[in-house]
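Accompanying notes for the structure given below.
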Amino acid sequence: MKFAILVSEGPYTHQATDTAYQFAKAVLAKGHEIFRVFFYHDGVYNATRLTTPPQDDRNIVKRWTELAKANNLDMVVCVAAAQRRGIVDDGEMQRNGKDATNLAEPFRISGLGQLIEAGIQADRLVVFGD
Amino acid sequence: MTTKQFMIVNRKAPYGTIYGWEALEVVLIAAAFEQDVSMAFLDDGVYQIKKGHQTKGIEIKAFEKTFRALEDYDVTKIYVDQESLAERGLTADDLTIPVEVLSRAEIGKRMEEQDIVLAF
Amino acid sequence: MLHIINKSPYDRPALDSVLKTGEGTILLIEDGVYAAAKGGAVEPKLKAAMGNFKIYALTPDIEARGIADRVMDGVLQVDYAGFVDLVAENKTNQSWL
Amino acid sequence: MLHIINKSPYDRPALDSVLKTGEGTILLIEDGVYAAAKGGAVEPKLKAAMGNFKIYALTPDIEARGIADRVMDGVLQVDYAGFVDLVAENKTNQSWL
Amino acid sequence: MTTKQFMIVNRKAPYGTIYGWEALEVVLIAAAFEQDVSMAFLDDGVYQIKKGHQTKGIEIKAFEKTFRALEDYDVTKIYVDQESLAERGLTADDLTIPVEVLSRAEIGKRMEEQDIVLAF
Amino acid sequence: MKFAILVSEGPYTHQATDTAYQFAKAVLAKGHEIFRVFFYHDGVYNATRLTTPPQDDRNIVKRWTELAKANNLDMVVCVAAAQRRGIVDDGEMQRNGKDATNLAEPFRISGLGQLIEAGIQADRLVVFGD
């Protein structure tokens, strides 16, 4: 079965991202496919490579990026939500005259249409938020 | 393109958080993708479409106008929970757009018919 | 003391929780101002509380939510300057998050 | 359909709100699992709901909150794999945020 | 240094959000600054100090141990709302640290005596 | 009178930062002093210079920085909260081996002790959060 996942809250503050990650791992472990993980609202904060969590804590951004790389997941950050909250890739940096980027690999920034497309293409879309 | 039934559910009050506004952006995009889109307002979500938002004092953009534009996007299936209105002393006349007022059980049935329900 | 409530009384127990502390001054802000609106299920509760609590509500938040025409009698409206005064007048304040 | 609830029943109306929809399957996760604990004010409500709803709760969240020894009879426990199965079995799901 | 009365109030459940943990960090720092620190647990906040958190499955660090270390920081004024416990079917025996169980009105009085109340 | 302000939520998602800003302006307009504005929890997201809100929306980060510069406000971001959430200045970049910064001027990153000190030094501390 094809799953899509929507993550609506940022790392550490709400458990939503933790649950989404555990859910995604379980989906893959069961042999299902993940069509896309979409990050909306404060969920876009999952995509910054600038976090440095305490040594004895989980590294949420790193966990997502490792899961994505190992399973070739499509991890999409909503551009409008990202602009409001300061998540920037090279293209956004140039378009908006910023002097730095903070997007972690392999996240990519794209439109909200990618969420709708995920809803259309996947058999199930599950939301994790607050 | 495949057409699916998308329902966007609003259960949060406006302005205190951004969820209502960002939900509306989802509605507009889903409509642009020519999906079968409906909206449901329950609990504090009914306040989203209360008439007469004057947000100058808090300096946050009011989005009443965007709700009134939904018809132009062919988003006309707008359901409001009767009990949530009553609990807050509101009626359909207090709302900024025409809606279908339904019992919660009836809204539950509509939810069940969807392919995708996104609640904010 | 001053209790600042920014949560809707229909969504969170913050108002109930404050009322149980006994007495004081309440300032309703943000989504908390819905507690000041007439006609809803919360009205009797707030009315009863007026014996022990002085109730204020922030006008810009009331206007934003379209309930300016239905604020309950006995609720005192303040703007941000009045909010500052309330904080200054009360030795202790608490935001019920 | 599958209703996913991640809010404490003592802090938010999400559970009440789902119960009013009539029938279906509920999965309690995160702070939502407190609804599955025996002995609290929510117990009668969840018990009554069991006629119309099948109630599941996520074991890792139950264990995290120290309530593994007081889960109500009739609540079915699942792990993350079981969560995936519930989503797969139900055509529609909704997270009550 | 001036000593003030700081009360840290917990009203949210643990793990679902980080507030309880970040509140505890405030308590420890206030104690390090030799302030007169107390804590109050009301509403879902009482779950913060429920015994027996096993967080391996959710992969979030449990902070029960930190609560038990509060005494070493001379944080001993720990108040718990009786009604919040009862509503949740809990008693003081279910808690991981020794506390003073008080009525809400009594807790209200302690709040009023503070210089600073920080609620999480 | 001397005020201190604690901001506990990020920009746009919660009204808390908006109210805190309006409150701060009113404090200054009344001739009071602001000892410090402290950013904790998701409040640290107010301090990124990488946001690009829509043209017709308020620019929350810019508003804070302008208010701070005009009134010489001390705007402090909690270091532990910032590390978890990816808010980085030059010092943090070097210490944690990051390749970019995103802290806006005149915010500064410092310890949680600065919040306690604000509580001690100010006559009133007001919290804005969720």
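As written, the chain order gives the labels A, B, C, D, E and F, with residue 1 at the start of each chain.
Just so it is clear, contacts are C-beta pairs under 8 Å (C-beta built on N, C-alpha and C of every residue); 3 or more make two chains touch, one makes a residue touch a chain.
In this text the structure is predicted, and so the values were computed from the model without any measurement.
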Set of chains whose contacts include both chain E and chain D: A, C
Classification of the chain A:chain F interface as same or different, half of numbers criterion: same
Most remote chain, CA-based centroid, reference being chain D: F
Chain whose Cα centroid lies at the greatest distance from that of chain B: E
Cα-centroid distance, chain E relative to chain F, in whole angstrom: 26
Distance between chain centroids, defined by C-alpha means - chain A, chain E (Å): 33
Between chain F and chain D, distance of the C-alpha-averaged centres to the nearest whole Å: 38
Per-residue multi-chain contacts in chain F, two or more chains: 12-13, 15, 19, 22, 41, 57, 80, 127, 130
Touching two or more other chains - residue numbers and ranges from chain B: 12, 15-16, 18-19, 43, 58, 60, 115-116, 119-120
Contacts with two or more other chains, residues of chain D listed in rising order: 6, 10-11, 13, 30-31, 60, 79, 93-95, 97
Chain pairs that touch, as defined at the top of this document: A-B, A-D, A-E, A-F, B-C, B-D, B-F, C-D, C-E, C-F, D-E, E-F
Footprint of chain F on chain B - complex, ascending: 15-18, 58-61
Residue ranges of chain A touching chain E (in the complex, touch as defined): 12-15, 18-19, 22, 56-58, 130
Chain E - residues contacting chain F, complex: 1-2, 4, 6, 18-19, 22, 25-26, 29-30, 32-33, 35, 115-116, 118-119
Chain E contact footprint on chain F (complex, rising order): 6, 40-41, 80-81, 111-113, 115-117, 119-120, 125, 127
Contact set on chain B toward chain C in their complex: 12-16, 43-44, 47, 50-58, 60, 62, 87-90
